[in-house]
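The two complexes that follow have chain A in common; it is paired with chain B in the first and with chain C in the second.
Moving on, here comes the complex of A and B:
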């Protein structure tokens, strides 16, 4: 494998690990904030002890989330040097804002939440618990503004003087932060975190019921957990629908790969699994119109007319224009002859829209690994539906107080814990593998986004990080299990 | 607002964040005492619980320092992080271990034992200031890299910023002048840590140990710091002219100091405050030394950044190719981005205000064995 492959693998591995800890943080933060609110409102110690138990698990998980997160942030620089320069002008800002607005909130109130029980008033403490969760959520917003911009790079122009994409105007910043892709991604990711938190809390609570321990605590936790999870599930579906429409609009190749759609058309069918199709469904999902045209992989390769009547050139044509742009840029940067410079600038501006394509070797490079994206998409949706069903059933029975003795259900709820993680990982595989070969859609493919490092160096850090994160994960799971076995400090009733 | 103003403003904020980061690295410095054999396990836990309530702030400042550098001077981010790869990877790994160590060290299921995690905290206590200080030291010694923006049009070697050797930054450890700054930072953060523990923990034996350590650290700190400053003032530096052309200038940093009297005053005031805090902590019965040394350190670090970046100086020089050197003019984000970020930065006082408020609320009670036991969450 070359340095590109190792850099991608390292980033993917770091992101995948990070996404094991983050959804837990987002979801359990909601659960424990609701519980502490119940404590403050009802002045019932039971809810305080209940909230404190989930907080204990939150803390064990939180540190590893931070540890993986800092590596991710700096990997943009260490392993994606060209990327950092090429888009740093737009991409750095959300990251900095994330630090200033979100991380300090999280860090400050996290400490109050854990160590402030007897130092601040119950209301200030409650506010701190909410602010920890809100800080995490705001941080998710800014990092997804950054990620959404990579999927749909709005508000930018290429500046040949600096050789990078720059913010087109101060007003363009608004385009960046209200990017529809970012907004739907934010809701999709955060609420999928609520599902994760809900499924986790419900699953662990069911374990107590299975063991005939802490029944009151378990039922109360199931109620809160399932409500957070169910609300999350519906929000995930709504934002997922929006994500589908955005993919169709901004990243048609991702959608085609997720559907395994070789040749598109109007009234395109949605494939549930290979061989089972719903006619017209894909057009409805992607364009909200049964007659909407959905391009397949071959349409994108060969060029097509989109739903607004725009002629989309073939990839080969885009590559040719991209190469002209690159040649023009090279001349523009090196020549001293004013007329040659002006000519090059003109040629550059004519073709700059497709400059990213100039870096590709062959048209087929624009096709992501279809099998991976196709199946990840199906795992995500299938598991998501299953998890919603689980939350509805367990939540309903808890509400009716009819959980007693349903051992099979308790076991099923426990099994759902690993499933919710697989579901979240699958979602990110769709989003990130699905946009290959682009780090920035249409602007910068992975092969020119890298740092000037040897494959060996990145391979070394890959295994180093893999070993460290895996060690942390094993320890975290062991400590979590220990804390769960020990149980909450609520009376055992 | 002019582009120049915005670039200067952002360099100011980077310097401020750098200063805050160094002062907040009292967390790292204090953790070095986990290896002190004269302290009992309970006393070590008191130190852990003292720094354990502040480490996120230090960590967040590091992350924000990185994020702000990325947003305002992306060419530094792409050149230094991608180039001095191993230095940054080592710094990150030491912080990653630090992040989990508090939570993991007192749990019996932690697989590798409490002592291992305390050792990780101590390794971070040395490596983080040493490597960060050395990295900042290269702002004055220069590094081995080239920047060629046309490279992106060359498919066979598209990377704009390339490092000149395979040590990828580790070579800086052999650059004695840069290393002196790293060593200075180790003793400075060690002293800050001792001062903070002295302030925050209620225990006579710990106080005696902290005062002792403040006294012991003073001499090496002074030797490293003063020799770094002396060499800085006599060494040649990297000057930039109006056209952006970089050249070597004798006594550049001395000139900077004399041509920017405000920076000279900042530096001197900072040093006086640092020493005043050390004197209070180490040589009197006062426990408030931290509140002198920490702001003093912020001022000194800011002055160092100003010397590196202001007054037509290249702050990240390349000794391989002078014209590849980074200046706050050629490495910054576009005026629009800097302007938007300026609006965002207006929120910083608000952020500082709630941090100070929460900090004061939390530190009203000092750390004692009883205090630790009464808290449901402890390290």
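Moving on, here comes the complex of A and C:
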């Protein structure tokens, strides 16, 4: 493997590890906030003890997961220095806001949540618990603003003097933070965290039922966990629908790869698995119109007319325009002749949206690994449906108080815990592998974004990370298991 | 201000199951910032000013792919 592959693999591993902790934080924060609300409203100590138990697991996850995202920022500076310079303040501003916000909100409200039970009023404590979850959620928004911009780079202009994408005004900043891709990604990611939290709480609660322990606590936790998970599941579907429409609009190749769609058309069929298709469904999902045109891989390579009647150039034409942009950039940066400079700048601005295509060797370079994206998409959807079914069944039976003795269901709920993590990771594989070869859609491919490094150096840190991450993960799982075995402080009834 | 200080001080003092987690966080932060950041993740363009960085990235964008270098990570 070359340095690009190692760097991508290292970033993917770090991001995947980070994403083990984040959805848990987002989801369990919601569960414990709901439980504490029940305590404050009902003034029932049982709900306080129940909330405290899940807070303990929340804290363990938080302690092990803390700062894992920082490593991604290290990698930006070392492995992806061209990219880091190219994105400039656009990336720096959201990440700085995220860092400051996360630090202050978490340092304040997280501390009140753990240290303040007997020191502040129940209502103030409840507000702190909610604000801990809300703080984590807002942090996620800023990260996804940065990620959303890479998928759909809006609100910036390329400055050939600095070789950076820059925001020219407050309006541009607003355009960046209200990027539709970022907004749909935010809701999709956060609500998938609710599903993770719900499935985790339900699964662990079922373990108590399986062991014939803490039945009242377990049933109450199942009710809250399943409601949070079910609400999250439906919100994931809605935001996933928006993500599909945005992919069709801004990253049609990602959608074509996720569908394995070689040749597109109107009334395009959705493939459930190879050989089983729903006619017209892909057009409905991608355009909300059964007659909507969905381009396939070949259409994108050869050029097509989109649903607004715009002629989309072929990849070969985009490559030619991209090369013109790069030649113009080169002239602009080397010439001292003002008229030649003005001419180069004009040529650059005319073609800059395709600048990244100028680095490609052949049109087929724009095709991501179709098999990986296709199957990751199916794992995500399939597991998501399975998890919703699990939450509905377990939640309904808990509501009707008919869970007693259903050992097979308890075991299934436990098995769902690793499945919800696989589901979330599969979603990120679709999002990130599906946008290859771009770090920034249309502007910067990965082979240019990377620093000048040796594969050996990246390989060394890859295995170093793998060892450290694995160690911390084992530590977390051991501490979590210990806390779960010890159980809540609610009466064992 | 004093009550805020006491709040945090007493909170940390009275910790039971949370104490090992604090040590875990400190260990992790040490590994991240004192080992990985210092010895393995030196920014590739450290020491360059903005103008030099623009030149390096500009050349990379308009020129051929740069050959891999061996002198990174302080290894």
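Keep in mind that, in the parts below, the second predicted complex is superposed on the first by the 490 of 493 C-alpha atoms of A that agree within 3 Å, B and C clash if a C-alpha of one lies under 4 Å from a C-alpha of the other, contacts with A are read in each partner's own complex, and residues count from 1 in each chain.
In this section, contacts are C-beta pairs under 8 Å (C-beta built on N, C-alpha and C of every residue); 3 or more make two chains touch, one makes a residue touch a chain.
Note that the structure is a prediction, hence the values are computed from the model and not measured.
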Should the superposition on chain A be reported as showing a clash between chain B and chain C, or a fit? clash
Please work out whether A:93 is in contact with chain B alone, chain C alone, both, or neither, and reply first, second, both or neither. first
Could you tell me if A:66 is touching chain B, chain C, both of them or neither one (first, second, both, neither)? both
Identify the partner contact of A:451: answer first if only chain B is touched, second if only chain C is, both if each is, neither if none is. both
Which of the two partners, first being chain B and second being chain C, lies in contact with A:117: first, second, both, or neither? first
Should A:255 be classified as contacting the first partner (chain B), the second (chain C), both, or neither? neither
Look at A:412 in the shared chain and tell me whether it touches chain B only, chain C only, both, or neither; answer first, second, both or neither. neither
If touched residues of chain A are counted for chain B and for chain C, the larger one: B
Figure out whether A:169 sits in contact with chain B (first) or chain C (second), or with both, or with neither. first
Between 8-16, 98-106, 206-214 or 332-340, work out which stretch of chain B sticks into chain C after superposition. 98-106
Following superposition on chain A, which residues of chain A contact chain B and also contact chain C? 56, 59-60, 63-64, 66-67, 70-71, 74, 77-79, 81-82, 85-86, 111, 114-116, 119, 162-164, 326-327, 329-330, 333, 447-448, 451-454, 457, 461, 464, 468, 472, 475, 479
Of all residues in chain A, those that touch chain C in their complex: 3, 56, 59-60, 63-64, 66-67, 70-71, 74-75, 77-79, 81-82, 85-86, 111, 114-116, 119, 160-164, 326-327, 329-330, 333, 355, 447-448, 451-457, 460-461, 464, 468, 472, 475, 479, 483
Contacts from chain C onto chain A in the complex sit at residues 7-8, 10-12, 14, 17-18, 20-22, 24-25, 28-29, 31-32, 36-37, 40-46, 50, 53-54, 56-58, 60-62, 65-70, 72-73, 75
Quick one: in the complex, what on chain B touches chain A? 53-54, 56-57, 59-60, 62-64, 66-68, 70-72, 74-75, 77-83, 85-86, 88-89, 92-93, 95-97, 99-100, 102-104, 107-112, 149-150, 152-155, 157-163, 166, 168, 333-334, 336-337, 339-341, 344-345, 347-348, 351, 354-355, 358-359, 361-362, 364-365, 374-377
Per the touch rule above, chain A residues touching chain B in the complex are 52, 55-56, 59-60, 62-64, 66-71, 73-74, 76-86, 88-93, 95-101, 103-112, 114-120, 124, 128, 159, 162-164, 166-170, 172-173, 326-327, 329-330, 333-334, 359, 361, 447-448, 450-454, 457, 461, 464, 468, 471-472, 474-475, 478-479, 481-482
